[in-house]
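Below, chain A partners chain B and then partners chain C, in two separate complexes.
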Partner chain A sequence: MTAPSPALKPTAGALFKERLRLLRPDRIVGGLVAHLVLIAGALFVLLPFVWMLLTSVRKPDEVFTAGFNPIPDSFHGVENYGHALNQSPLLQFMGNGVIVCAGILVVQLLVALPAAYALAKLEFRIRPLLFVLVLLGLTVPPQVTALPLYMGLASLDLLDTYFAIMVPFFLSVFAIFLFRQFFKTFPMEIIHAARLDGFTELEILIRILVPSALPAIAAFSVFSITSHWNDLYWPLVVTTSPEHATPPLGMMIFRDQETGSNYGALMAGAAIITAPLVITFLIAQRQFVRGITMTGVK
Partner chain B sequence: MTVLAAPSTPAPAPAAATVRRAVQSRVEARAGYLFATPALVLIVTILLAPIAVVIALAFTDYQLGAVEWAWIGLGNYERMLDDPVFWRSLANTFIYVAIVVPGSVVFALVVAILVNERKKTRTLYQIIYFLPVTTTLIAMSVVWHFVLNPQIGPIAALLRSLGLPAMDVFGDPDLVLAGLATIGIWQLVGFNMVLFLAGLTAIPRDLYDAADIDGADHPWDRFVRVTWPMLGPTTVFVVVTTTITAFRVFDTVAVITRGGPLGRSEVLLYAMYLEGFQYFDIGYAAALTVVFLVTVVALAVMQAFFLDRKVHY
Partner chain C sequence: MAALEIDTVSKSFGGSAVLKAVSLDVRDGEFLTLVGSSGCGKSTILRVIAGLEPQDAGAVRIGGRPVDHLRPKQRNVAMVFQSYALYPHMSVKDNIAMPLIMQRLRLAERLPLVGRLSPRRAKVMAEIDGEVGAVARQLHIEQLLARKPAQLSGGQRQRVALGRAMVRRPDVFLMDEPLSNLDAKLRVHMRTELTDLHRRLGVTFVYVTHDQVEAMTMSDRVALMDEGRIVQLGTPADLYHDPLDLRVARFIGSPGVNVLPGTVTGAGVEVGGAQLPLPVAAAEGAAVQVGLRPETLSLDPPAGRPVLKIRLSATENLGAEVFLHGRADGAGDSPIIIRAPLDAFDRARAAGRLDGTVTVAVDPARAFVFDADGRRVGRRPVEAAVVRMPVPAE
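Take a look at the complex of A and B:
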């Protein structure tokens, strides 16, 4: 690699040159080609969404003859969505999803925030050991602990409960790591001052550090809720009845009930289950992207 | 919590200051233990103990509910060597990874570079490409299954109207992994695009201006001389993260193919699931889990190693 030339400030000449470059024919063609490639990719990305929504408002018999015809002949959406909601307890599955995600998130935060504060700012003997365990934990996928946890829950007769679905995720070493990195940058002087003012360590955590970490907490919440709303492996392992089924399990139950006959209702069901997260994403795009890709930019 | 309160009256003498510091460090240590305890208890009970149990179970022939079981040493690993399902699952998982990683990384890189040059449409494209990342993969797998249905799916209809034979992607042993990988790529592109965009915005504009002065103002020259070398660390990171994610493929297999047809979409995690939670062959499932864990940890170590070296040119 050639060493970078010394930094250049954009001068009037450079700006003029930049503008000239934008007008050159190869730039214009380049722009067109870029759009064509991006649009082709976007069609691939959007295809299942578009087809899901179109099919969810088609009449059952039309589904089998529609082929590539995108526009439904008649609007059958009310029947399909009604069928999806009546035929199987989709709303209950989603309610289960809310309970499970909320339960997991609350415990994760209650466990991780104090631990992160201890790791970042408090001196105690086993701190280095704890940090090593957290780092090791980061590399262990949840499927590894599934077998013993399943046996443990079975022996306690706790299978097929909300608790069983939530318990492996009460500990998020990722949350501990993330908040620890965040607290690490918090100025020590403020903590010293608070101690001199008679704040207990718990008060320092709750009244000073947690409020300062709200952006990180929000980003982690997005990450946590998305992963557990969408998780299949563990709920599939511990849930046997539809009563506690989370949205992905509910989708599988619903699909098996429909046995391939009513695609309109099936697509309506898929749309209903996908909707909450997609709508949240469209509203709070920036926070959402930051939360989900946090694993990547740590 | 009042026991934790630090003494609030500043001590005048140096000796008193030392005492105060000692008291403070005791208070701090106590708070540290208190705050770390819930995490520590959970680390031991739901992380370390289960891992130890899995490793131990892998040396037994335990079946769920069985009254008698025995230590069988490396028996499960020997059985694995002779198990066609294991080898098929491992091979299929690697083929899947070998399609998804280059596919989603190159696709995402191209999209990121093109999106990065857009001004008015930048946000729109970003939203579109990120959409699959936010969706419930199970629900969208059901949709993909329908979209690629050889009788009534739109793709088959399109192929037929072009005079081409319709493909039964998930029913054809030679196509099934490619079909699942397509869904994998579809779900990962937006995630990788965001990582690449972050890498791209971190490239100083000066470098492009400098390349410009050196005569490298054609887009391809700019890419080869500036963008690609500067994206080195991001690319390595994206490749390793994608590899770990792709290695854990499960959802699409469980919903669409269940390992079929002819076992051509059996993957490691699905084999683990079947042995452990459908056949309840706990000992053997534990051995599979150990293999899975070792592979994932090896990948993670590789990741840490590359990141430490900061692969810069």
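Take a look at the complex of A and C:
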């Protein structure tokens, strides 16, 4: 009926006015304050990280004497990083970290995606009850279940294995909740269409929902990988040998055995084991933000 | 191709009855429209037919065969949804091919890598490609096959959804408000295209809409629904010229029917001072509602017919015809619309009969009389009741 209105392009005059508006004194002050707060926050969060990087290239005697001079007097990075890599099986720790994180993530996704689909889109009587149980699961801290799990693993003679490090995290209540919320927003009509076309429920999940949920899956993967890469508590409980040590535990063993108080080398090691996480996040950043904001599907 | 029978189907959601013992026979190859305001249960019927919602009671038969125990894909029905429900990350080609892939490839053959090991997979896929191409040509979307749904306009998505439904050659086509997301111009165009498609395919269509114009222009028969029941089932002309219920009279027709309060008298019905000589099956003195279609009120001199006096408030000239808005004197001051052809309007104006008030002639034969509950009383050709009226069950 009505002709489509032409795209509303701002005129040059309107653009100029808009810029003027941004230059008003109250705007400038407001912007400055906002940015100062953000910069302060960023410094607060990043400073330990920066300090780690700086320390990792300092000479051992400079670590404590240098005061707060941010620039090292001499570059000692090669020695420190070389020491970290040679004196400890850092690469093996990181390999362990990859195995553990990947194992945990794969099983978490295999369990959580179908569970979330059932909780979001299938009709059955005890669904509300199951969902309440999932929510309750969110409130149980991992320390509570540590002792029974430890005893169970000990009686099965499974202590000090990859399986022991991974098993408590296979069922992620958080993942079930996150994906359920995402699937809730998925249009029911598409699922109906798929059922009419002859998709099985599992195929609906794999072929239709999972591709649409990739941002949410990416977001969850970042959470999962970060927390299990960095986890010290549980590996410390069930692992004793360096063969299965994950990076933080490895660092601990490394500090005790070899370096003592060689903080430069220690920080070099820390920098090395943090790097994969930083790189992963940078790669998945866009998906991660999209997944958290959950714009849903159009 | 198959006839479709819905036999006293009931369905409720959380205690509220959405379908109340609905029965409906759709003939083989018929275009039947379910029309009604939102929440009347029309979409629920479609989902029950498709097997997406199990009914609480009653039976559905397709081609004489009960399908209640069958899963949606086994019923051989296709459905076009209001939102089109295309698979968002698949190309147009894959969207259309999906029903055939699901039908003809075994579960193992559909697996991403393992499936390729099957020797017959390539042959089946080639067949499917051919059929998808044929459907795409029929719908003039061959050039879109590689695109994703997000890159299509509303009309194009609509065609893809139709293609996905057509490709599997279903017995019954179900359409749930397929045109309501299109702009007005395209909607008019797609109306003719859908009726055309129906004629070419010769398949049974069950079409759901809240737009009475779509119901009137496209269907062989229309079922008007309200509050989980079918109020009237008949041809579009039946519903327009012979509504059995005030709700039907009000829903069908634009501008809507005029409804004036009247009283039953010995000689028929008195409304706004006009005596309509209609045999009415109601006690004398009973209050009734009289429905008068806007075009049955004539601006020409009455020539002995009963008349109504109307105070005019506005005129809308649409070119070929004129709508006169006003209020009926003596009939409860009810708002009233007269729909007059331009020449009749010009004659009346030239004769000076449009001076703020106008006298219109009523054709008693085209007036509908309803009792206080909205049921039609009075003249009503019995043979027009081709409806298999459902037994209301509470």
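Points to keep in mind about this one:
The criterion applied here is as follows: the second predicted complex is superposed on the first by the 212 of 298 C-alpha atoms of A that agree within 3 Å, B and C clash if a C-alpha of one lies under 4 Å from a C-alpha of the other, contacts with A are read in each partner's own complex, and residues count from 1 in each chain.
Following the convention adopted for this analysis, a residue touches a chain if its C-beta (ideal position, glycine included) is under 8 Å from a C-beta of that chain, and two chains touch if they have at least 3 such contacts.
If you're wondering where the values come from, they're calculated on a predicted model, not measured in any experiment.
Of the two partner chains, chain B is the only one that A:L130 touches; chain C does not reach it.
Contacts of A:I28 after superposition: neither chain B nor chain C is touched.
Once the two complexes are laid over each other on the shared chain, residue contacts for A:V106 go to neither chain B nor chain C.
In the overlay built on the shared chain, the residue A:L156 is in contact with neither chain B nor chain C.
In the superposition on chain A, A:G198 makes contact with both chain B and chain C.
When the shared chain is aligned, chain B comes close enough to touch A:V140, but chain C does not. When the two structures are aligned on the shared chain, A:R255 is found in touch with chain B, with no touch to chain C.
Once the two complexes are overlaid on the shared chain, A:V289 sits against chain B while remaining clear of chain C. Residue by residue along chain A, chain B and chain C are tallied for touches, and B comes out ahead. Common to the chain B and chain C interfaces on chain A are residues 1, 195-200, 203, 297. Residues 1-2, 4-8, 10, 14, 17, 21, 26, 30-31, 34-35, 37-38, 41-42, 44-49, 51-52, 55, 63-64, 66-68, 70, 110-112, 114-115, 117-119, 122-127, 130, 133-134, 137-141, 143-152, 154, 167-168, 170-171, 173, 176, 195-203, 205, 226, 229-230, 232-233, 236-237, 247-248, 251-252, 255, 263, 266-267, 269-270, 273-274, 277-278, 280-282, 285, 288-289, 292-293, 295-297 of chain A are the ones that touch chain B when the two sit in their complex.
Across the complex, chain A is touched by residues 47, 50, 52, 71-73, 77-79, 81-83, 85-89, 98-99, 102-103, 107, 110, 150, 164, 168, 183-185 of chain C. Interface residues of chain B, counted against chain A in their complex, comprise 1-2, 4-6, 8, 10, 24-25, 27-36, 38-40, 42-43, 46-51, 53-54, 57, 64, 107, 110-111, 114-115, 117-118, 121, 123, 125-140, 142-144, 146-147, 151-152, 154, 157-158, 160-161, 186, 189-191, 194-195, 198, 204, 206-207, 209-210, 212-214, 217-219, 225, 229, 237-238, 241, 248, 250-251, 254-255, 269, 272-273, 276-277, 282, 285-286, 289, 292-293, 296-297, 300-301, 313. Contact residues of chain A toward chain C in the complex are 1, 187, 189-190, 192-200, 203, 207-208, 211-212, 297-298.
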